[in-house]
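Residue numbering begins at 1 within each chain, and the chains themselves are lettered A, B, C and D in the order written.
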Amino acid sequence: MKNISASNPAEDPVKEQAAKLSVYVSSSPHVHSTEDVPWIMRQVIYALIPGALVGVYFFGIPALRVIAVAIVSCVVMEALWQKLTASPVTIKDGSAVLTGLLLAMNLPSGAPWWLVVIGSLVAIIIAKQLFGGIGNNPFNPALVGRVFLLISFPVAMTTWPEPRSFFSQAADAATGATPLGALKTAIFEHGTIAAAPGLNLMDPFLGNVGGSLGEISALALILGGIYLIARRIITWHIPVVYIATVAVLTGILWLVNPEGYASPAFHLVAGGLMLGAFFMATDMVTSPITNTGKVVFAIGCGVITVVIRLWGGYPEGVSFAILIMNAFVPLINRATKPAKFGAVR
Amino acid sequence: MKTFKGGIHPPEEKQLVKDNPIVDFPLSSRYHVLVQQHLGAPAKPVVKAGDEVKKGQVLSEPLGFVSVPVHAPTSGRVREIGRIVHPVTGLLAPCIVIDADGRDEWAHGLPLERDPFAMSREELMDAIKAAGVVGMGGATFPTHVKLSPPKDKTIDTFIVNGAECEPYLSSDHRLMLEQPERVLKGTGVIMKVLGLNRATIAIEANKPDALRLMREKAPAEIQVEALKVKYPQGAEKQLINALTGREVPSGGLPMDVGAVVQNAGTCAAVWDACARGIPLIERITSVTGRGIMQPKNIRVRVGTPLREVIDFCGGLNSVAKIIFGGPMMGIAQFTQDIAIMKGTSGVLVLREEDTNITAYSACISCGRCVEACPMGLIPSVLSKLGEKGMHQKAVENNLLDCVECGSCTYVCPANRPIVHFVKHLKALSRAAGAKK
Amino acid sequence: MYYILLIVGAALVNNFVLARFLGICPFMGVSKSIDTAVGMSMAVIFVMTLASFVTWLINFYLLVPFDLQYLQTIAFILVIAALVQLVEMIIQRVSPPLYQALGIYLPLITTNCAVLGVAILNIQLGYNLLDACIFAAGAALGFGLALVIFAGMREDFELNTIPEAFRGTPIALVTAGILSLAFMGFSGLVK
Amino acid sequence: MISSILLLGGIGFLAALVLGISAVTFAVKMDPREQEVLDQLPGANCGACGYAGCAAFAHEITVNPEAEMACPAVNEKALEAISAVLGRSLGGSAPLIACIRCKGAPAETTNRYGYIGPKDCRAAQIVAGGPKGCQYGCLGLGTCEEVCPFEAIIMGEDGLPRVIESLCTGCGKCVSACPRGIIQLIPRTGNYWVGCVSKDTAKEMKPLCKVGCIKCGICGDVCPFDAITVSKTASAEIDQDKCQRCGLCVSACPTGVISALSVPRKVHIIAEKCKGCSICEQVCPAEAISGKVKEPYLVNEGKCIGCGLCIEKCPSDAIERIIS
């Protein structure tokens, strides 16, 4: 058989030539949603801005410096690694910027520049690129960076500058304790929370407390979180269930023994719970795929957080809890596969 | 409003062509009729170069039950039997070329005048098969096969699919608006074949004019249902689920839950075949997209060269992709040297900014595909398995349940060609199965 | 409560693999798939608990009365080796695929530092017989937990694009390191 | 002293007793030869034998006396060893090597469209039949390289795969992976193949590829052994059984589509069989054989061109072909 053209002989050879357009061919579908990875990363960064701004307001220029150093070093680190390994440079997708920002928000504002750079190195190179870059990392890179620093440089990582208004910069850098740290010390030394100084709720809610520069204001973080949920970047499952689990567990203990345990409201606003629940635990790469899985994951995070906060050696357990649950994600994903359409029931 | 679980909401883009009345495509000078225009066993040409043929004359005879003939779209002379690019496989396939004589004369005795409701079930089935009717939504599965369920299956539901959930396309919409009688009478014939006394016509709610008209014209035994606007509302299994709540079992067919679904265009073709003996030689096609100058709904003969169709619609504007079918499940073409087929529900020309030609990146496990999947699968895992060619693991992950609707790929922020991976894995799995 | 703390302490806080770094060899070797990891965990739970039971008896009813504590290590190894041999025979009979999958790592439990470690720790920490068995079960549970989550992650690595130089054991070691970091969060929880 | 000996001995005895009893109760019949066979197999678990990995095949061939040697990747030494272990001679197939039957590098060929999708030939093939203009030619996306368990195929700079002959075991994984069916296994002792499988006529091929087989039939005409089949509707085909490796076709082909293995083939004289008749020395066109009459002759491998004339002439069957 002869190969023939399905076009009838054209009168005009020029037209024939013009019609030979180069076209693209791919598998269906041929249209695509406009929401791509850089867009998602941008949204998360926008959502983090209120929290970061509160940090800068209360801790001043040093906080801004930590944020800048973290973002720049993360991006440079990623670009450098990808250049050296001759793989495509993906810094434009914004994930390195986001990792840098999240890392900075998990550091005390007084962190020296080298500490931030080491944190970035661990986060980008060890926790992300060694595993194959974006999408392949089993652990949240920013958290790995933070936990690494916390264990390697405990003093630098727990020196918390006192919050001040941005406009009343005093020359000296007074340091103090975080609310959770003060609580732990009080229980450790006196056996009761009554000894903890000033367990008010308003200051940690607004951000007028010591702590990592991005975790201090529950309000700003909740606003960012609501933006993410409204934008459908994250679902409500992880933050709501995580926070609820912490509230329920601490609430039960508080009802049983209000002398020995702080109120659930305090546990919600203090420490890194809001930052963790809205921004760290919801990291898409390192959280379960299905909504059921997300609920299981969030309950696990909540339980471990409370266990470490109340009975562990560290005053704060959010970072550890999320990292540990990150490791469970493959198992959770296997256990919570959605029911397929038409499954025999 | 009735619907199913999962799905997506892509921009509909139907405004480009939905209000354009159907126009007749003028007679062409030469037709290229592919021998294989259906899903199933091949057919064999029964004419040879030099033969005189009349409009509606049989050009090929089916080899096997799951096979249908093709017919001459006009009168003329068979120029040759050669090979042209098949729009579905992209490879060269046998085709019968007919030089039109311009008289457009019907084959002897056509069209007939008969009352299908006076015919027996067997006679109707024979008429449908002889007319070469296939599923006109794009799947091109022979209709007579779908209408002959095995003895052990009882059919209690017949659904006419007028959902037309693919963005851009409006051919079924125009058909229902302009020729509601053909659709309704065809529905009646199929009800008779299936031995049912009721049927449902399902239309997405974005076609209120068609819904209104159908409700007005439909006899009491045919119910018209509005469906929620969501893709893939017109997919067989999702449609049945939305209307009856039944789930076609995994690996099963609609007949396993007592349902038969036929496209609205197919119903019209069944009416022509049974009442007038006219074979499937023309269809209604939406020529649309921002890459074409004048989007039109055309009534076009099977075998018309695509190049002429594009010229008829004002030519190309700027083109990145030419697609047979809709944007979600249609097949991209690389040349205009192809011909319209029985299953060509649309010719879609997309500009570069309407489509997606960026490279894909790693899966970020966002879970959007899981939300979108109407079949309850985990497309992200399938795509990763596809990257590694691990087809056995993919089958364990319900690969074979995928209907390739493209919802997952549409929402994937990493641009991953998940459907392509699925097709790839299915091919690997088939090849491995064939080897054993 | 005491026993719960004992188990939690052995399983999480002082996890044998992630905090005490014992039993790394099977941890790396049989964590490539969840199924074998579960099988291995079962075998280790069985061997550890039984070994603790037997070695405790041997220590306090044979070695101590005869003043032969200096034979502790060799006597324990002997007993553990015999137990492992027994488990091996049973698994080979009961589940040949598991036997195949575990491969060399099954006989290696013989000299698995985790098993010997738990036996010696029992004596050092002065546990009574019940304590010792529960402690061993907890430790084995912790080992199994670490092994199974690790296997889950490594199964997922199969689908990832890890740089070639880090595929296999290198990335497993990095992961184990990070996991170990995470488990340090439990420090100070018990004692 | 005594007590420690007694104690350890006692424990040991007890353990031995328990183990002895359970060895009987839990006995599993296992053929020790299985492991020995397994040790000889390549261990790549490529599956070319049709079993689920080397261990499964080792089991099959050990327990089933009918089983043939199905592993194509096993070398001769290992084959002998396995035969010895199993006590029966296993006729292995002649060692094979993969050859790429397309020379249409991107520079020589045209494309039909811009392909967007996974970098896998099999995936590209299912979208409109692949972007290559010639529907028989190499798609060049490197699936053969990807599937080769022995890293014996690499994608060359020209965009075509290349077989590294020293590494190829002839397992055939690439053959089944290639969607275009352009990889073929030929005997390692064979030498020539036609680097094209196109069924297009010269005219149809012209706009698509500059280096394909144009079905001119010259190779068939020059072949003195009638080993080449030519046809108008298929590329020339070399019958490896008939081919005597004279190489005439290579120089005669107008498009240079006939290729040769690059590994030089040599001959080797088996000293025990050689009677020292000197015939080989006389027929050798390359003066690569020398020796004293009545003593075993020697081949200078540097000079040997592997023509094989000596093999045909040797009266005592003392010369064999080897792969250098």
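Keep in mind that, in the parts below, a residue touches a chain if its C-beta (ideal position, glycine included) is under 8 Å from a C-beta of that chain, and two chains touch if they have at least 3 such contacts.
For clarity, every value in this text was computed on a predicted model and none was experimentally measured.
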Which chain maximises the distance between its CA centroid and that of chain B?
C
How many angstrom between the C-alpha centroids of chain C and chain B?
60
Distance between the CA centroids of chain A and chain D (whole Å) is 53
Distance from the CA centroid of chain C to that of chain D, rounded to the nearest Å?
46
CA centroids of chain A and chain B: separation to the nearest Å works out as 46
Where chain A touches two or more other chains at once, by residue number
3, 23-27, 132-133, 135-136
Could you list which residues of chain C touch at least two other chains?
160-161
Hey, what residues on chain B touch two or more of the other chains?
90, 92, 331-334, 357, 362, 387, 417, 420, 423
Line, ring, star, complete or other: which one describes how these chains touch?
complete
What part of chain A is in contact with chain C in the complex they form?
85, 87, 126-127, 129-133, 135-136, 138-139, 144, 147-148, 151, 304, 307-308, 311-314, 317, 319-321, 323-324, 326-331, 334
Chain C residues touching chain D - in the complex, by the definition given at the top:
58, 62-63, 66, 68, 71, 74-75, 78-79, 81-82, 85-86, 89-90, 92-93, 96, 100
Spell out the residues on chain A that touch chain B in their complex, using ranges where they run on.
1-8, 10, 19, 21, 23-33, 35-37, 39-40, 90, 93, 132-136, 284-291, 337-344
Within the complex, chain C is touched by chain D residues 3-4, 7-8, 11-12, 15-16, 18-19, 22-23, 26-28, 30, 55
Seen from chain B, its contact residues with chain C in the complex are 362, 381, 384-385, 387-388, 390
